[in-house]
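Following are the structures in question.
Okay, so chain A shows up in both of these, paired with chain B first and chain C after.
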Partner chain A sequence: MTEPCYITASCQITPGKVVKDGALLMENENIAPISYLQWLYEQKGYNYPKFYKMDGLSRLGWLAAECLLEGSFDKNRYAPEQVGLICCNRNSSLDTDTRYYDTVKTIPSPALFVYTLPNIVLGEICIRHQFRGENDFFIFERFEPVFLQAYVQQLMQENVFEACICGWLEFLGEAYQACLYLVEKPASKNSVPFTTATIQTIYENTHG
Partner chain B sequence: MSDLKAQIVAQLNLQHVKPEDIGDDMPLFAEGLGLDSIDALELIVLLQQEYKLKLNNAEEGPKVFRTVRTMAEYIKSHQA
Partner chain C sequence: MRPVFTIADNIISPLAFGTASNYAAICRGESGVRQHTKPGIAPFPFYAALFDELADTSHIDTIAGNFTKFERLLIASAKDALGNAGIDPADPRTLFIISSTKGNVSLLEDDKTVSPSAIGLASSAAKIAAHFQSPNQPLVISNACISGLTALLTGMRLISSGKYDHAVVSGADIISSFILSGFQSFQAISAAPCRPFDVARNGINLGEAAATIVLSSDPAQSKLRLAGGAVTNDANHISGPSRTGEELALAIRQALHRAALTTADIGFISAHGTATLYNDEMESKAFGLLGMNAIPINSLKGYYGHTLGAAGLVESAIAITTLQQQEMPGTKGYAVSGVSQPLQLSDKTVPVHAKHCLKTASGFGGCNAALVFSR
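Here is the complex of A and B:
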């Protein structure tokens, strides 16, 4: 029998806006899209100098994970290897790949090179929160809630992990979108069943 | 050395650090400025880009990049 899982928190970031659990968390429309992420980092008062060295995709995912977990995640409930990450996007690490390719014409940048894979963002989140569970990054033409639900549900069912941060992390040029879900086995206050329909509904509510 | 500090901050994207906050003899790695192995590679790039210097012997790295002062001394002694 399939054990039910629940979305216990969600977070979306688009240019100028953060939505947490369906409610507008922070907004600034008077700032360039590319500057918004740093503005958000500074407004939230984070102290994590490595943030400044991250590429756009990692900054986006790191911030989305911070906002997702703040006040919604009890780290003490899980061992490090019990928390997994499953994310997807459309353009992989193309934004940084292009920037790195530009440097190859002169002197290649090691700092850019290390971000020329999409799953590096998952590593940054794992380092921040000391998660050591299964993590995968898939590339799809578009957001695929059916795949996401089935894949995460299966891994939860097999006890590969007990909690999962999953969703969509897309960054290219000045366009970006994060939509992360925290999925856990026990239901909590305001949690919703982890189904294709609820994943899709939350995704479509990216704009709060 | 102030120019070199500014170049380090720019090259390594240390937006949380002001050049004047870096002491001449402050260790650049570990307990000092806290740089990592990727930063070390970026420092090598900095030497190439700004000073046309190539570190010929990798074993020299820890000595050359110990502090801003040791970097400055290396640059000074290797520039024509």
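Here is the complex of A and C:
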């Protein structure tokens, strides 16, 4: 029998907007898409110097995970290895690949090269929150709610992890979208059932 | 939950075409790693295992259609494995899974304005699935150096849950100036053939390979079972391995638990063994933490170099053959231990008495993977 799981929080970041649990959290339309992420970091008053070393995809994912978990996640409920991450995107690390390859003709940059893998953002989130569970990165042409729901449901069922941060983390040039949601077994006050339909709704809600 | 079997496999490497001929070559101590002078890849001579050393490329060259070298290699590998698997790739119950770190990234070197979809792993996977007339959307896993093992684990789960009956899991990476310059910038490239776990080790050799393992719920043609697997994260550093090995040890412990086995059941270990100072030391600590010091262990990087997204599949295919033949290839380049934990290493092929084996890998982003294969 399938044990129900719930989405206990969600966060969506697109240029100029943050939507948390379906409602508009922060907006700034008068800022370039790239500057928005740094603006967000400063507005939130975060103090995590490694943020400045990260590439665009990792900054995006790191911020989305912060906003996702703030006020919504009780870390003490889980052992480090009980929290997993299953994410995906379309263009892997292509944004940083291009930037890195520009340095190859002069002095290849190790600081950029390390970000030329899509799963590095998952490592950054694990380091920040000390999550040690499974982390997998898939590449799809588009957001695939059917696969993502069924696969994560199965892994929750098999107790591979007890909580999972899932979703879409795409960053290329001026265009980016982070849509993360937190899947847990117990329902909470504002949780919604973990279904294909609910994750599609969260993915489509970029405006709150 | 249904058991999942490995029913066919293929390796294409600079040494040979096919798993059996690769296994025979490495048991004889042959290596695909040699010094190359290729200004298109690096401004200096470098050691690597590159495809232009492969004597017979007819299996790859004869694939018709508009494919890149990366895609052609994946198709050639999958085609050979499917020829031995006796399953229909066009069956809706068959899924294709592709593992790669950088796929077609070399296109970026020729043309910076290349379209993202031409370079994208999802479009390569779609072309490959279409070539085999698969009606299903293929999966692509890009999890750094553990990609091949993650892809096998994903295929295993989707079969055990009943979603599919068969999975064709293929991986490949091509060495270009992008990849070589990057590892060089980390000072991770050895100036000589690599020496996994040896006291004189000083870095990796890169390698090119493609490999495929076909998984199935049908034991009729079965070689072995893929009995369990696990993935963990160090949560420590994005480009350096754990200082303690605890997280790789955790992945091994979880994989064994899921396979309902203990460390005492493992007859040999196919390690990652990249020959960097820190990776090999971390691995030795992980095996030490689990008391696995006396189990025969090898690294295949001295034969193939580090083949990135193909590595987990190449090394699993060799591990599967080792379980069948009960002869484990040695660790080429190893002479004197240079890790803090004693390990059962040898540079010679040795007999093993193994019903189960462990395959491990670790990669950038702090990820670790462990799989268990059973006879």
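The rule is simple: the second predicted complex is superposed on the first by the 208 of 208 C-alpha atoms of A that agree within 3 Å, B and C clash if a C-alpha of one lies under 4 Å from a C-alpha of the other, contacts with A are read in each partner's own complex, and residues count from 1 in each chain.
As a working rule, a contact is a pair of C-beta atoms (placed from the backbone, for glycine too) under 8 Å apart; a residue touches a chain by one contact, two chains touch by 3 or more.
Computed from a prediction, not measured in an experiment: that's the story for all the values here.
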{"item": "Partner chain in contact with A:92 - chain B first, chain C second, else both or neither", "value": "second"}
{"item": "Partner chain(s) touched by A:13 [first = chain B, second = chain C, both, neither]", "value": "neither"}
{"item": "Partner chain in contact with A:114 - chain B first, chain C second, else both or neither", "value": "both"}
{"item": "Partner chain(s) touched by A:52 [first = chain B, second = chain C, both, neither]", "value": "first"}
{"item": "Partner chain(s) touched by A:126 [first = chain B, second = chain C, both, neither]", "value": "second"}
{"item": "Chain A: partner with more touched residues, chain B or chain C", "value": "C"}
{"item": "Doubly contacted residues of chain A, that is, touched by chain B and again by chain C", "value": "107, 109-110, 114"}
{"item": "Of all residues in chain C, those that touch chain A in their complex", "value": "1, 101-103, 105, 108-109, 112, 116, 119-123, 125-126, 137, 139-144, 150, 154, 157-158, 161, 163, 177-178, 181-186, 230-239, 247, 250, 254, 363-367"}
{"item": "Residue numbers on chain A that touch chain C, as the complex places them", "value": "80-81, 85, 90-92, 94, 97-98, 100-101, 104, 107-110, 113-114, 116-120, 122-124, 126-127, 129-141, 144, 147, 150-151, 154-155, 158, 160, 172"}
{"item": "Touching residues (chain side chain A, partner chain B) in the complex", "value": "49, 52-53, 106-107, 109-111, 114"}
{"item": "Touch list for chain B against partner chain A, complex", "value": "12-17, 34, 38-39, 41-42, 45, 48-49"}
